[in-house]
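Down below are the structures I want you to see.
Common to both upcoming complexes is chain A, partnered first by chain B, then by chain C.
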Partner chain A sequence: MKWIGVALVAGSLLLPPLFAGDFYINLASQILIAAIFALSLNLLVGFGGMTSLGHASYLGVGAYMSALLTSRYGFGHGAAALLSIVGTTAMAAFFGVIALRASGLGFLMITLALSQVLWGLAYRMSNVTNGDNGIAGLTRPAPFGISLDSPISFYWFALIVATFALVMMATFVSSAFGSSLKGVRDQPRRMAALGFNPWLIRWITFVYAGFWGGVAGLLYVYYHKYIHPTSLSTTSSAEALLRDARRPGRRRGIGGAPEKLRLCLPRTLEYAAGFGVSFHCVSNADRHRSRRKQAHHPIARG
Partner chain B sequence: MTALTFGYALEVVNLKKTFGGLTVTQNVSLSIRPGERRLIIGPNGAGKTTLFNQISGDLRPNSGSISLFGSDITHLPPYKRAHLGLSRTYQIITLFAGDTLEHNVTLGLLGLRRARWQMWRPLSFYGNMTTEARRTLDAVGLLQLATHPISDIAYGERRRVELAMALAQQPRVLLLDEPLAGLSNTERATVKSLIASIPRQTTVIMIEHDMDTALDLAETVTLLNYGRVIVDGERDAVIADERTREVYLGT
Partner chain C sequence: MQFWIIQGLNSLSLGGLLFLLSSGFSLIFGLMRLANLTHGAFFMLGTYFAATAMRSYDGLNIWVAALGAGIAVAAVGGLFERLVLTRLKANPLGQVLVTLGMSFIISDACLMFWGGDSIPVPTPPNLQSPTRVLGFVFPTYRLVLVGCAIATAILLYFLIERTRLGAMIRAGVDDRQMARAVGIPVSNLFTLVFCLGAGIAGAGGVLGGPVLSAYPGLDADMLPLALIVVILGGIGSLLGAFIGSFIIGIIYTFGTALFPELAYIILFLPMIFVIAFRPQGLFGRVGT
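Let's look at the complex of A and B:
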């Protein structure tokens, strides 16, 4: 029974490139990127009990850093990717120190505020970020000389990264540290009395989630070859959070590897389905609205 | 004499705690010798649990000091106190309801080991911890339920898991906050013999309302009322004291 499920999932991920058209392959790539992003947020919300409303910060900053370094400062893709990930993770380390002074609603408000600062910077610091025009004309990297410009090659690239991300995050939450994390989520006071340092456990998880958010951001900017301040917006954070609402980490019995996969995959697929549907609606609606929206956008006019 | 040779396991000096205008701990001083069995009694609202919360570090006192085996722990966070050998149970059961008994006790062991920072090996990798957790569960008579989740077991059994979690840590000082609360007579007898069997390396400080059971376990008794120490001393002396009768029976 278990293997039928695994086969179905593997099949649905491996077979589409064989027959699906470019539109659906591109959609699948975006689903994978969204899945990495959702999984990283789920480390915080589901396993850590830290409801963040600013997770788009890491996706956006990872993407912006890579875009700026490659287009404006002449870095190669390898060095730019490395710097973006290191930069995003360092930012998460700093933001974690600020946001983890609070918990619950306070934590949510601080993460929201911090992400709004970044969003504002992306909009207003137009001499660097190009403001509302975003940064266009970016390229995709060519790891080991393999071009990622075709939808299919990019899909395989995204699939490899997403699989690696899933394995890494699943290992993290089912490790001994993962047990500490879930304990701190459920009974922080008891955990402290047992000898665990709740603050440090939360902070490490926060930084790790930021790291994977940055990875999602890199894929995001590679895919779109374009970056705009909306990627940093609250809407972007909130969308990821809403799809995360069922919190798989809350379920019982996280032990062996198969269990682990069962916990993560439905979430990923659900997120993917949600993303696919909303993407479809939005992309259709945008076709009609895009001209009007540009003319009326308050900040674009301001 | 012993006090001079070994020092105190726990020493509380002039502890004071207020919540706004309400003073809940007033100049409380306690000196507890290693291996001692101390019972803390007092009417509702006397400040017993608040005192425990200050000793375990959940609350910071306004003034005064707390030391554990001679080292000052007044300003240490709770988790550092745990590493110095302080362990506690809660009056309101604080367990991980979705997890198994075994996992709950293992968390108690994990808290004091470096493995709690291990990010790629699962908890099940540490077989010796599981073995030890099961041994502790056996000691409290719950081994047959080890793989059941806490939510499946009865209240009295949860009380014993509370105790097992603390005992697994082999603490030097153990704080028990009403370990008998809400138990039936048979369960009381079980938990009583359990507490009695705690080795002498562990100093036990216990809050309890059930005098019949608790006085049997205690060697020394501290009576608190309105945040003050009213009487403090050997068990029989405290029971016989006029002021004890006053607090409990009225004049």
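Let's look at the complex of A and C:
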């Protein structure tokens, strides 16, 4: 049964380029990029229990670094990609040290503030980032001499990266480390008593999620060939978070990709619909969680 | 010299505006442990209500508009709290997501209803002429704004420190379960405080209208400021919100004037350090 599902998903991902028009192929590429981004946020929110309101920072910084390095400093795409991913990951490591001093609402507000700082920088430092005009006129890379300019070739590229990302994140979550992460999410005190280091586990996850956020940012900037401060804004972080919360596959790692299809709906409708669903999911998730907690011995609750 | 005095007065008036925005936020946060991310949207609703009302009824008094918008926004907030938030007790993640979603709905509905152009709110005619302060000319309305903030602070102080209702609210802030145990109807109190906070934000939106004007994205501009003020001042502390508002008003005005490129860093760094190293804020008793 599971394999039929996998075959169906694989089929629906491999078939579109054969018959769909450019519009749908481009839409599918965007879905893949959004999926990598949502998966990385889900590592934090779903598996780590860390609600971040600043995840767009990594997408935005990855994209901005690549855009600046290629367009302004004349780097090649390979070196620029490497540098921007390293840079984004380093930034996530630093942000993690600050943000993980708090948990819950405090964590949420620090990540929000950090992302506002970056947004403000992108918006105001117009001599570096070109401010509200954004950086236009970017190019797509040509790995191994294959041009990615056509919608189909970009789709294959995005599909390869997204598959790799999915496998890597699934491995991360199903590893022993992933189990300890879930343990820290549900029972931090017990985990600490068992000799785990909850802070370090959270921090590593935070950095790993930042890394994949940076990868999504690279694809994002390759796809659009343009970058604007809005991609760093709280609104885009929050939209990602709301998408993440209202999808049924939360905590399981898959799902979320079809959300980009909602582009076809007017935004108010999307928000209204999404609001209803997320409210439902969140209130139900809470019910499940409280039931699960009650199953434990009351004194040992973390 | 002129620069410092004018910017100083500007930061005072921004501080007054921020207090009108964040005092309700702080009350709600303190009593309900709820980061109400809809607060910026409530503020924006107030501004839009005022812009529309003052356009359709020429010469409508701004104080009447503020009162009306305050009541209307309080009603919206009360409905939201009763119908939605009560179902999410003790679920901070859910509350954050739901209030955030609600703010998106409100701001997009405003965009749909009022369009994307900014709508100016007229300054009341009798306050249009400038005042001379220390030999410098300064808009009277901005000074009146500071007066409004101080008046609101005094009223709230008496409400919270000197009335029976205020005593119940304070009891709820300090120890919610104990307050419930001695018979204080904490759930009704939540609705009341939520209405009060939303109402102050709505009225503040009206009063801020002549300075800011109503535009899409006003909510997203104001919400982080409210967050910073409350975090800096301390959650649930009226004095903290008051002092925090003026501190942030000064930092923001001078930051934008002196280092326009780094304004946001200067603004958010104190907040980050406060959360990381002094979670209860400058005057707060409860941590985040």
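Just so we're on the same page, the second predicted complex is superposed on the first by the 245 of 302 C-alpha atoms of A that agree within 3 Å, B and C clash if a C-alpha of one lies under 4 Å from a C-alpha of the other, contacts with A are read in each partner's own complex, and residues count from 1 in each chain.
The working rule: a residue touches a chain if its C-beta (ideal position, glycine included) is under 8 Å from a C-beta of that chain, and two chains touch if they have at least 3 such contacts.
What you are looking at is a predicted structure, and each value in this text was computed from that prediction instead of being measured.
Of the two partner chains placed by the overlay, only chain C lies in contact with A:116; chain B stays clear of it. Of the two partner chains, chain C is the only one touched by A:234; chain B is not.
Set against each other, chain B and chain C differ in how many residues of chain A they touch, and the higher count belongs to C.
By the touch criterion stated above, A:175 is placed in contact with chain B alone, chain C being left untouched.
In the superposed model, A:189 lies in contact with chain B only, and not with chain C. Across the complex, chain A meets chain C through its residues 51, 53, 98, 101-102, 104-106, 108-110, 112-114, 116-117, 119-121, 123-126, 233-235, 238-239, 241-242, 245, 267-268, 271-272, 274-275, 278-279, 282-283, 285-286.
Partner chain A is touched in their complex by these residues of chain C: 35, 84, 87-88, 91-94, 96-98, 100-102, 104-105, 108-109, 111-112, 220, 224, 227-228, 231, 260-265, 267-269, 271-272, 275-277, 279, 287-288.
For chain B in complex with chain A, the residues that touch the partner chain are 56-58, 77-79, 82-83, 87-88, 90, 94-99, 103, 106-108, 110-112, 115-126, 149, 165, 169.
Within the complex, the chain A residues that touch chain B are 171-172, 174-180, 182-183, 186-187, 189-198, 250-252, 255-256.
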